[in-house]
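Each structure below appears as structure tokens.
Both complexes below contain subunit A, partnered by subunit B and then by subunit C.
Up next is the complex of A and B:
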């Protein structure tokens, strides 16, 4: 008989330990089904949260071998194949406070979600008589974001949150902010953008874990991009994040290629770059990563424009000029 | 092996990571890979342009793909972010944006069909390992090597489809073929912080210091990455990360093709190994 083993991270409020549970392989089981079976047949003290069992309520996300999944929506066979092993480690979501075993605390996360000003503040031209109609095209722009079930998988595996949660938000918060900011019925899209700018909008690492782990196929990283574009267009052009992005777009349109020498002063400002990056620059010159003459030329003259630069400029600006 | 590719070097291979270009071209020549640089290629947007103008990034990469199509070749790049940007654009074009973006390309008498596929030198080397492994002249049996895949090499899996994003093995396959010993570190699939090194510098410092420190403590002679941006972050910023965090600082970081080049018997000078900020001299002395 094929035996499956779950090594589950346990926590009783003070003590942490790993507990091993073995059970017969059953191809019809999901990860949640396994947990329920363990609780019912082996250990009623095992704690986890679950409700709908059909990927709607978002309450059963856990980590399998360190990677967040929605337990009810993940077949046992899938994870056994992924890891090529009949023994799996089951842990609570990362970047959450653990309450008990696989149960995590959402109260703090909900408070942080409030910075997105969730809830639609409708345009003033809507009335009881005319309603607040939205075209299918406009609905399509936010439809995916409405699929978020707040399971926490994106937050669990976010590399930025894992390092420091004080200057960044859970990826789902950006998704929720964007779904209101992009809603054609919204009176003030920036109402949902401002809180994001203050809470790390430009600090995303682009690690793509949120996009990878969302069980609903949402791309919080794309929502972060969309919010950045809204913020920039609204005048949030200062700061290292906006200036860094602007430097790339400028170079793309000017010569077609990145000017690495100008990138740092453009991002940090001339004075900060000159004073704060002296050691860095010296090392680059010393090891030949930067050639002195080439660096001076790049700084003063720029890259030579690529072949076909006029065409590239027309292509890159086409959508902007058409709008 | 003799395959011809439209080579997309990306901006950093022409600048601070020029040694990655040197190593890629030297390895390609040694194993019979014909790389033809795409004339007039532009920056892929580097995972930043879309933050200000999504369609500008899409259109620029549609143009890059169209240039490769004119050559009748698939695209090969040695940068994971370039690979992600190009593959994301191709996916978006094929999933419904092609006609619209072709209107932009038409202003420069260009059209994109999406026929040119985009591959990474990592995947090519892993797939062809049985072909080039017999060419290994200098097995690196004295070296222990910790792989650092880089986010954009494997994520998101909807775009980077080559192998499991949870448990990839291409790097270990190549390290083993080079005769070296793969070392697994917890940071293997983590972020280096490069794309936020300015707005989130403290985080980038910690991620860099952690990877360098863990690799050294695990007995690795170096970190190895297929992404030049990860290499730049982990190498160029490692002294700053050590100053800020108090660990790491002495772990050499090699580009994937530099390791392969060494195993193939190419001289370190040809692979640009003198250009590294953290000196790989100790590692070179062991082989």
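Up next is the complex of A and C:
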């Protein structure tokens, strides 16, 4: 008989340990089904959370071999095949305070979400008595972001949060802000943008883990980009983040190729780049990661424009003028 | 931003509350028993007295589904009152988010034939004349308002070409009046209301389990709850309490569409506080749940034009509701499916017997656009793609029409001064003996709002109640935890739960008989005794989910027994309550609400006439 083993990260409030549970393979089980079976047949002290069991309430996200999944929405077979192993490590979500075993604390996450200024502030021509009007196309523009079930998978695997949670909100918070910013019923998109600049809008690392892990197929990183575009258009052009984005666009438009030698001074300013990055540049030159002649050329002359640059420039111009 | 390595929930609440909402200093109103900050008593800007050792708040809402969130927003809007929401889980895990089809409300579109009167009539008839008609008139008007208001609050509704909210047909309605958001309307409503509540400054106490409602000198004095994260038993003194804890169809544990957490905690607590449980036998079976586990396939699947087919490939609704076909109301459709299975025209055997729902003729695009969630559920539980093949389905326990007896539907107050009930846990009665599709989200939005307003109005005038009953309950629950979790020999309580579910499915399912109900009552009463000595299996304090669930099962046993007593007494068939031995409705003897109460260990039954206003009871057929 084929046996499956879950190595579960346990925590009882003071003590942490890993505990193995084995059970008979059953192809109809989901990861949540396995956890329920373990709790009811082997160990009632195992703690996890689950509610709807059909992927709409967001309670049961856990990590399987370090990757966040919605337990009820993940067939056992899928992860066994994915990892090519009959033993899996089950852990609580990352970037959350663990309460016990697979249970994480949402209290402070809810308060952090509150800072994303949620809730529609509707246009002046709409009232609570009469409701709103919205075209089917405008509804479709926000529909995906409304699929968020607050399961925490994006937050769990976010590399920026792992590095520092003090200056960045959970990816789902950006998705929440963007669904109001992009809503044609909103009085002013900037009501949902300004606060996010303070909440780390320009600090996303673009690792795309949130996009990969969302069980609903939402792309929080794309919501961050959309909010950045709104912020930039509204005059939020100073600071490293906006300047970094502008530098990419400049390269795209002038040569079609990224000039990494100019990127740093453009992002950080000449003085900061010169004082802060000199040692780094020196080490790169010394190790042969950067050729002196190439670096000088790039700094003084820039790349040669790529073939078809005119077409690229037309695309950039079109995007600039398009609403 | 906050440091989430903090262990102490109270300092966490304190910090997050300060950060989140400086305008309403509930902070001073919420402190643990015996803590240092609680000892510094005084009056805050909101007029909340923080007496030593007791958390106090003006309006306390228990439950964070659609009804609870609406109640909290409206209690807060009343101004100058402290409001807190106590919730067993993270606030967005409720049954509301699972509602798919839509929210009913007649919107005043020029030139339309629909009207509030017709919505009221369809609701009365749908409920087989057990609903109170004055309440239903009030409800349909407020439901229309709620749809427009939630649109204004941000609910993302699907739209018609002219920009108005799109509406779909639901079974039992004469016109399309179900406003929707794809097939995730409950999810959209819950999250937009949650977002709005966050923005409005509603405060949440997350991971607290309701244990009991306290009664002091004849008024509700608050609740006793358990901090699941730490195991601490905590009293909250409140001028007004709104129970919004959802329904109790989890009594059918293995065959229900509702979430694990919807265990009727508030209804059971209200019963223990002496309140009647109204119409507990009225439990709705949704005709279309997946065969494995009972997760729902929304009624919108039929509303959009899906066919129900038996083993012979016949659209068998022809035999039961020739005019409405698949759009017949839930009770009629559920009985039709069970009859097909019983008479051998189903597919498969035993608990896995089923019929099919076929959507293929709608086409891939329509399924993907309008019914993406049910396609997903089909893939997950049955490994069937609705675009390619029909899906096996069978009825599943879905909604509790019965609930805590609400005596004034305008304020959602109960017979206990200071205690209010909203959403599925209350019974006003809007749905009577059978709820129409799309009326549950509407009821959650309407009754939540009215309970919030009612509780705030009451709290503004009420004195802060005394502590005596609260402190006695705290002691009792502390002892209860020690006593129950120290047991090592006895039946596993989850086994009791599953035996209860089986007994109820067999005895109080879609088809009921006097002998079957009596047998189920005997079984459940026996299980209640066995439960008293059952093993929890975990004695830990930190997030002891085994003990949480042990208490839930205890609540379900109490509620199941009440439902059985009422179902036995109702010797007629009405709405969802189908007695094979009494197949007809009997208005002469049973046009009344059943009111079940606890007197010590006994369950006692009382009756109250139904309020009839405009619509005289007539035969209900479609």
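Going forward, the second predicted complex is superposed on the first by the 284 of 323 C-alpha atoms of A that agree within 3 Å, B and C clash if a C-alpha of one lies under 4 Å from a C-alpha of the other, contacts with A are read in each partner's own complex, and residues count from 1 in each chain.
To be clear about the criterion, a residue touches a chain if its C-beta (ideal position, glycine included) is under 8 Å from a C-beta of that chain, and two chains touch if they have at least 3 such contacts.
Predicted, not measured: the structure shown is a model, and the values here were computed from it.
By the touch criterion stated above, A:103 is placed in contact with subunit C alone, subunit B being left untouched.
Judged by the touch definition given at the top, the superposed model places A:170 against neither subunit B nor subunit C. In the overlay built on the shared chain, the residue A:229 is in contact with subunit B alone; subunit C does not reach it. In the superposed pair of complexes, A:157 makes contact with neither subunit B nor subunit C. Comparing which residues of subunit A touch subunit B with which touch subunit C, the overlap comprises 167. Of all residues in subunit A, those touching subunit B in their complex are 65, 67, 82-84, 159-160, 163-164, 167-168, 200, 202-209, 211-212, 219, 225-226, 228-229, 232, 239-241, 244-246, 248-249, 251-253, 256-258, 260, 267-268, 279-280, 283-284, 287-290, 306-308, 310-312, 314-320. If you check the complex, the residues on subunit C that touch subunit A are 1-2, 4-6, 9, 12-13, 16, 19-20, 89-95, 97-98, 107, 145, 147-149, 151-154, 156-166, 181-182, 184, 187-188, 191-192, 194-200, 204, 206-207, 229, 259-261, 292-293, 295-296, 373, 376-377, 380-381, 492, 494, 536-538, 540-546.
Chain contact summary for the complex, subunit B toward subunit A: residues 11-12, 14-16, 39-43, 45-56, 59-60, 62-63, 103-105, 107-110, 151-152, 155-158, 164-167, 190-191, 193, 195-196, 198-200, 202-204, 206-207, 236-237, 239-240, 274-277. Contacts from subunit A toward subunit C in the complex involve residues 12-13, 28, 30, 39-40, 43-45, 47-59, 72-73, 75, 96-97, 99-101, 103, 105-115, 117-120, 122, 126-136, 138-139, 142-143, 146-150, 165-167, 169, 176, 179-180, 183, 185.
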